[in-house]
Amino acid sequence: MTNPNIDLKPLSEFIVDEAPERYIYDMNSGKHEVAIATKGLQVRYGDKLALSEGDLSFERYKITSLIGASGSGKSTFLRSLNRMNDDVATVSGKIMYRGLDINSADIDVYEMRRHIGMVFQRPNPFAKSIYDNITFALTQRGRYTKEQLDEIVETSLKQAALWDQVKDELNKSALALSGGQAQRLVIARALALKPDILLLDEPSSALDPISSAQVEDTLLELKKDYTIIIVTHNMQQAARISDYTAFFHMGRAIEYDLTRKIFTRPKVALTNDYISGNFG
Amino acid sequence: MNAKLADKIATTVIYVIAGMVALVLFSMLGFILVQGLPHLSWHFLTSPALSFEAGGGIGIQLFNSFYLLVLAMVISFPIALGAAIYLNEYAKKSVWTNIIRTAIEILSSLPSVVVGLFGFLLFVVQFKFGFSILSGAIALSIFNLPLLTRSIETSLAQIPYLQREAGAALGLSRWETVLHVVLPAAVPSIVTGVVLSAGRVFGEAAALIFTAGQSAPALNFMDWNPFNISSPLSPMRPAETLAVHIWKINSEGIMPDLNLVSAGASAVLIIVVLIFNFSARKLGMKLFKKLTSS
Amino acid sequence: MDSITEKIKRQSESTRKDRFGRTLSWTALTFIVLVVALIFAFVLSRGLNTFIANKVSVTDFLFGTTWNPSVVNPKTHQPFVGALPMIMGSFLVTFLSAIVATPFAIGTALFMTEIAKKRGAKIMQPIVELLVGIPSVVYGFIGLTVIVPFMRGVVGGSGFGILSGTIVLFVMILPTVTSMTVDTLKSVPRHYRESALAIGATRWQMIYKVILRAATPGILTAVVFGMARAFGEALAVQMVIGNAALMPTGLTTPASTLTSVLTMGIGNTVMGSLQNNVLWTLAMILLLMSLVFNLIIRMIGSKGELK
Amino acid sequence: MPKMHRGRTIFAGILVVLALLIGTAYLTRDKTSSSVSITAVGSTALQPLVEAAGEDYARDNAGVFVNVQGGGTGTGLSQVAQGAVDLGNSDLFAAEKKGIKAQDLVDHQVAVVGITPILNKGLNIHDLTSKQLQDIFTGKVTNWKELNGPDQEIVVINRAAGSGTRAAFEKWGLDGAKSLEAQEQDSSGMVRSIVSSTPGAISYVAFAYGNSSVTSPAINGVAAKDENVKNGTYPIWSYEHIYTKGKPNQAVQGFLDYLMSHQVQSKLVPKLGYISIHDMDIKRSMDGQITANS
C-alpha cells in the first residue's frame, strides 16, 4: 500500500540536485523537553528513496506542523514515527522515544503504537457502534468494568468535542456520522488509549471548513496533555495552531523552526518560496 | 442523426438480447419446476428410495445431502478462512504467492471427477475410510476449498485498507484487527459467498460417486448416536446424495417411475439452491445491519 | 524505571496473538497448497505412466486419430490411443460455446449496468446468480430431455453431437461470463461515462467507444474464465454429446470430449492398466489446459493494469 | 464482565457439552451388534441385486451391514484384487479383464443376464442372423436396405468401452469381433430411449431394459427370452460374477450363501430381470464350451 501522494523518484535525482542549505532548530540548545526525536532517518520504498534526511526533535506538549509539497516526504516521515510504514517500506535510522530507539527489532510495535497514536487523512471509524469504536482497543488488552469504560468514552468524546452531539446515540453505527464527527470520533478513539504523542496525517483535509475549525479547536485543547505532530497542506492551519513547523522538500527536512519564525522570516529561500506560494 | 439512429438500434438489440437471456433462464427454471413439482409430496420427500419398484422417495438422499454439506462446510470453512486471511492480510506480493494463487485457481477448474477419484484412492482405499460420509465430506471439502478461499479473499479485499490502518494505529496487531474489525465488516459478503458455494456443494455429484458412494442404506431415525452404523449421524456409513441419486437413476435406474423420480429430485435440488440463494441475500443484508450498528 | 519503556520492550499480547494468527492462517494456506500439490503429483504420476510405463509415444497420443485403447494396432504393436478426437471435441465445444455466449453475456451485462439498472438489479441479477448455482446434472437432464430431441427434429440424426453440447455449455457458462462482465462494467469509473456524455456522445457511443473499450481486459478475462469452466465440465456434456471417440466431421454427429471419455471409462478400466493410465493422461491434459487458461487470464489481467 | 471473555466462556461451554455428548454417545453405543460390514463394489448392472439382497440379509442378521457400491466392473475387480473390498461385482470373467491377476480371485456366479439387440420400431425388422448383426456392428453394412429393411441409414449406439454388457455382446453376439467406433452411452436407460426415438438406431441392452418402445429381434430365429437362454439356444448372455480374494471369511460366505439361496434366486433375481443361476440347463465356460448343468 504505497501512499499515492508520494511521487517516487530515484535517489540519483535527489543527489544530482545540489543540496540546498538547511536550517534545523536545535532542541538541545534551550530547556526543551523532547518527546520524540529522529536520527539519520531514511525511508525506501523498494529501491526508491522517499525520505533521505530528516533529523528532527519534537518538544513535549507542543504542536508541530510538517509542511511541504505533495511527495516531499512529510507524510512518509510522520508515518515512520510509529512505524506504520514497516510493511511497505524499509526504514533505517533511529527514532528515540523515552531513551529507547523504537525503530529496532526488539521493540514491541503494537505496545509502542498505544503510546504514539495516529489519525489519518480520511476518517476511518470501524463499522461498529460509536461506543465500541472507542472501547474496542482497550478491551482487547485489559479488563475494564462497565463503569470504567463508560467514563473513558465520556472523557475522550468530550476531549474530542463530540460528546454533546452523540451522547444519546452511543450505540448507533459510527458509519452514520458526518465527516467532521467521524474524524473527531477517530481522535477520541486514539485519545481513549491515553497516548503520549498524537500523530495526525492531514486530519482536516477531507473536511469542510467548519468541521476543520472544530478539529483545530480540539487540537489546541489537547495540547495541554499531548505532544502533537501534524502533517498539513493548509499553511494557515499550520500558522494558526502549531508552535513549531518543519518544511519538507524532496525527501528532506529543509527548515525547522518556531512557527512564527518560519512564517515571518524563513532562513532558507526554498521555504520562503513555498510559503509565499511560488511553488507546490 | 446517424448517431441517434445507431443509439436506438443498439439499445433495441441490447433489450432483445437481455430479453432472450431472461427468457432462456426463466424457461429453464420453469421447465424443471413444471416437470418436477407435480411429483413432489410429503411422502416423496421423506420416504426411502426403492431401487426397482415405483413409489420410492428421496428422504434419505435429502438428509444425506444436507449432512454432507454441513460436514464439508465444517471442514472447509475454517481452512478456507485461514488461507484467505493469510493470502489477503499477510502474504507479500511475490512469485510464490502468485504461484499459490494460480495453483488454487487450477484446483478450482479441475473436473470434479478427478477430485472424486483422488478421494477414492486416498481416503476410501488408502486410509480405509470406506465409502462413507467422511470420505465424501473430505472430497467435497477439497472441491470446495478453492472456490471458498477465493470468495472469502474477495470479501476481505473489499474492506478498505483504512480500517486496517486504523487498527494498527491503535496498537492492535494485524490479527486482532482482522479478527475484530475486518472480519465482522466482511461477514455479510462472506456469508453470501459461503451460502452460494453451499449451493454448488449441494449439487455436486461427480466428486461423490466414488467417495460417499451410490447407495443409501436404510437409516434408523430413532438412533442419533453417531457411533452406531445405522444412525443418521454416523460418519462411516455410505451416503448417496440427491445429485448422485439423479445421476444414478438416469444412468442405471430400473424403477418404473424413473422419469418422475428424476424430475422430482431435480426440482427439489433447484428449490434448495433457490432457497440458498435467497437466504444468502437476506442473511447478508441482515447481518450487515446487525454488525455495523448496535 | 519508566513503566512505558518497560512495556514497550516487553512482548505484548498483541504480538503473541498476531504470531498465533499468522501461524494459524499460514497453516491453513499450506494445507491447501499441500492438497493441490498432492493432486497434481497424483494426476501427473498416473498420467505420465502412459508414456513411461506403457511407452506410448507422445506424438501418437496427441496427434493420433484413433481412440481404442483395448485394441492393439497390428502395425505398431501399440494400442490405439490417439487422443486428438477428444482434444478436438473439447476445444470445439469450448470455443463455440464461448463465441455464442460472449455477445449474449455482454448484451445482458450492458442491460444490467447501463440501460436498465433497476430492473437489472432486481430481476436479472438474482436469476444470473441462481443459474451459477444450478448443478450440472440438472443442466444435463434438461439437455437430454429438451435440446437433444429438438436437434434431432431440426437437423436430423440422433440429436447428439457437438452442437447440442455447445448449446448446453452456452447456457452453463452464460451466467458466469455475464456476472463477471457486470463486475467489470461496474468498475469502469463514473467520470468516464460522465465526460463522454458531457461532450455530446449518445449512450451507445459512450458504451461502445468508452465503456467497452475500458472494460475489454475484464471482459476477456470473463470469457476465458467461462472457457475454462466449459473445458472442465463433465457430466452435462457427457449426457448430450454422444460420446463417440471419432474425429468430429460435423457439428451434429456424435463426438466426445476429454471429460466425457474420462468419466465414462474410469470405472470400467483396471487401475494401473494401460486403459486406465491413458484416462489419467486425459486428466493431465485437462489440468495443463486449466493451467494455460489461468496463465492467459493472468496475462490479460496484467496488460489491463498497465493501461 | 468484558465481552471478549463472555464469548470465550460460551465457546468453552459449548466445547465441554459437545465432548460430554460424544462421550455419552460412545459409552451408550450399540454394543450388541458386533457390526460386521461387508463391502461390495463394481458392476452397476449387478448393483441393484446385491443391494436389495444385502438389505434383506442385514434385516435378518442383526449386526451385519452390507455396503454395496457401483463404480464399474474394472473398479470392482481391481479393488477386490487389492483386498480393499470384500466383494468385487463383475459382468466379466476376471481373466477377461486386462490387468487383473485372476488366479487370486474366487469366482461366485450368482445370476445370468441375457442381452438383446434392440432396434428402432420404425424399421419393422424382427429377425436378424448372427452374420447380419456382425456386419451391422462392424460397419460392413451401413444402410438397412441392404438387409431388406427400409432405406434408412444404420445408427449404431454402443455401450461404453470396457463395460460388461458391451464385452458380452461383442463376445457372444458378434463372435468376438470388435464393434466399430460409434456413439457411446453409459447407461441402459439412455440407450433404450435413444434407440426408441432415433430412426434407424440399433443397440443392445440387458433383458430387463427391453420394453415395448423398442424391438427385440430374434437371433437366427431364436427369440430373446429367458427360456431360450436357460436351454442354451439363445447365445447372447453372460454370468454375473461376484469375486472374492481367496476363500471368503465366514461372514462373507454367509452372505454369498444367502445370494445363492432359494429365497433370493427364485424371487429377487427374476424380479430384477436376471435369470436365476439355478434355472440354467447348461453351463458355459469362459471360452464358450457348453456343458449340461448337473
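All chains are identified by letter, namely A, B, C and D, in their written order; residue positions are counted from 1 within each chain.
Basically, contacts are C-beta pairs under 8 Å (C-beta built on N, C-alpha and C of every residue); 3 or more make two chains touch, one makes a residue touch a chain.
None of the values given here were measured: they were computed from a predicted structure.
A.B. asks: Taking each chain's centre as the mean of its CA atoms, which one is most distant from chain A?
C.D. replies: In terms of C-alpha centroids, the chain at the greatest distance from chain A is D.
A.B. asks: With contacts counted as C-beta pairs, which pair of chains has the highest total?
C.D. replies: Greatest number of C-beta pairs in contact occurs for B-C.
A.B. asks: Most central chain by CA mean?
C.D. replies: Here the chain at the core of the arrangement is B.
A.B. asks: In angstrom, rounded to a whole number, how far apart do the mean CA points of chain A and chain D lie?
C.D. replies: Distance between chain centres: 78 Å.
A.B. asks: Please compute the C-alpha centroid of chain C, do the same for chain D, then give the distance between them in whole Å.
C.D. replies: About 34 Å, centre to centre.
A.B. asks: Centre to centre, by mean C-alpha position, how many angstrom separate chain A and chain B?
C.D. replies: 48
A.B. asks: Quick one: which residues in chain A touch 2 or more of the other chains?
C.D. replies: Residues 110-112, 140-141 of chain A touch two or more partner chains.
A.B. asks: Counting only residues that touch at least 2 other chains, which ones in chain D make the list?
C.D. replies: Chain D, residues with two or more chain partners: 44, 70-71, 75, 82, 186, 190.
A.B. asks: Could you list the positions in chain B whose residues touch two or more of the other chains?
C.D. replies: Chain B, residues with two or more chain partners: 171-173, 176, 250.
A.B. asks: Can you tell me which positions in chain C touch chain A when the two form their complex?
C.D. replies: My answer: residues 2, 4-5, 7-15, 18.
A.B. asks: Mind pulling up the chain B residues that touch chain D in the complex?
C.D. replies: Touch residues, chain B against chain D: 51-52, 124-125, 130-131, 209-210, 213-215, 217-218, 223, 225-230, 237-238, 248, 250-254, 258.
A.B. asks: Note which residues of chain C are touching chain D in the complex, please.
C.D. replies: 66-71, 144, 149, 152, 157-160, 238-239, 242-246, 254, 256, 264-276
A.B. asks: Within the complex, which stretch of chain B touches chain A?
C.D. replies: 160-163, 165-173, 176, 180-181, 184-185, 291-294
A.B. asks: Where on chain C is chain B touching in the complex?
C.D. replies: 12, 14-15, 17-18, 20-22, 24-29, 31-33, 35-40, 42-43, 103-104, 107-108, 110-112, 115-116, 120, 123-124, 126-138, 141-142, 144-146, 171, 174-175, 178, 201-205, 207-208, 228-229, 231-235, 239, 259, 262-263, 266, 283, 286-287, 290-291, 293-295, 298
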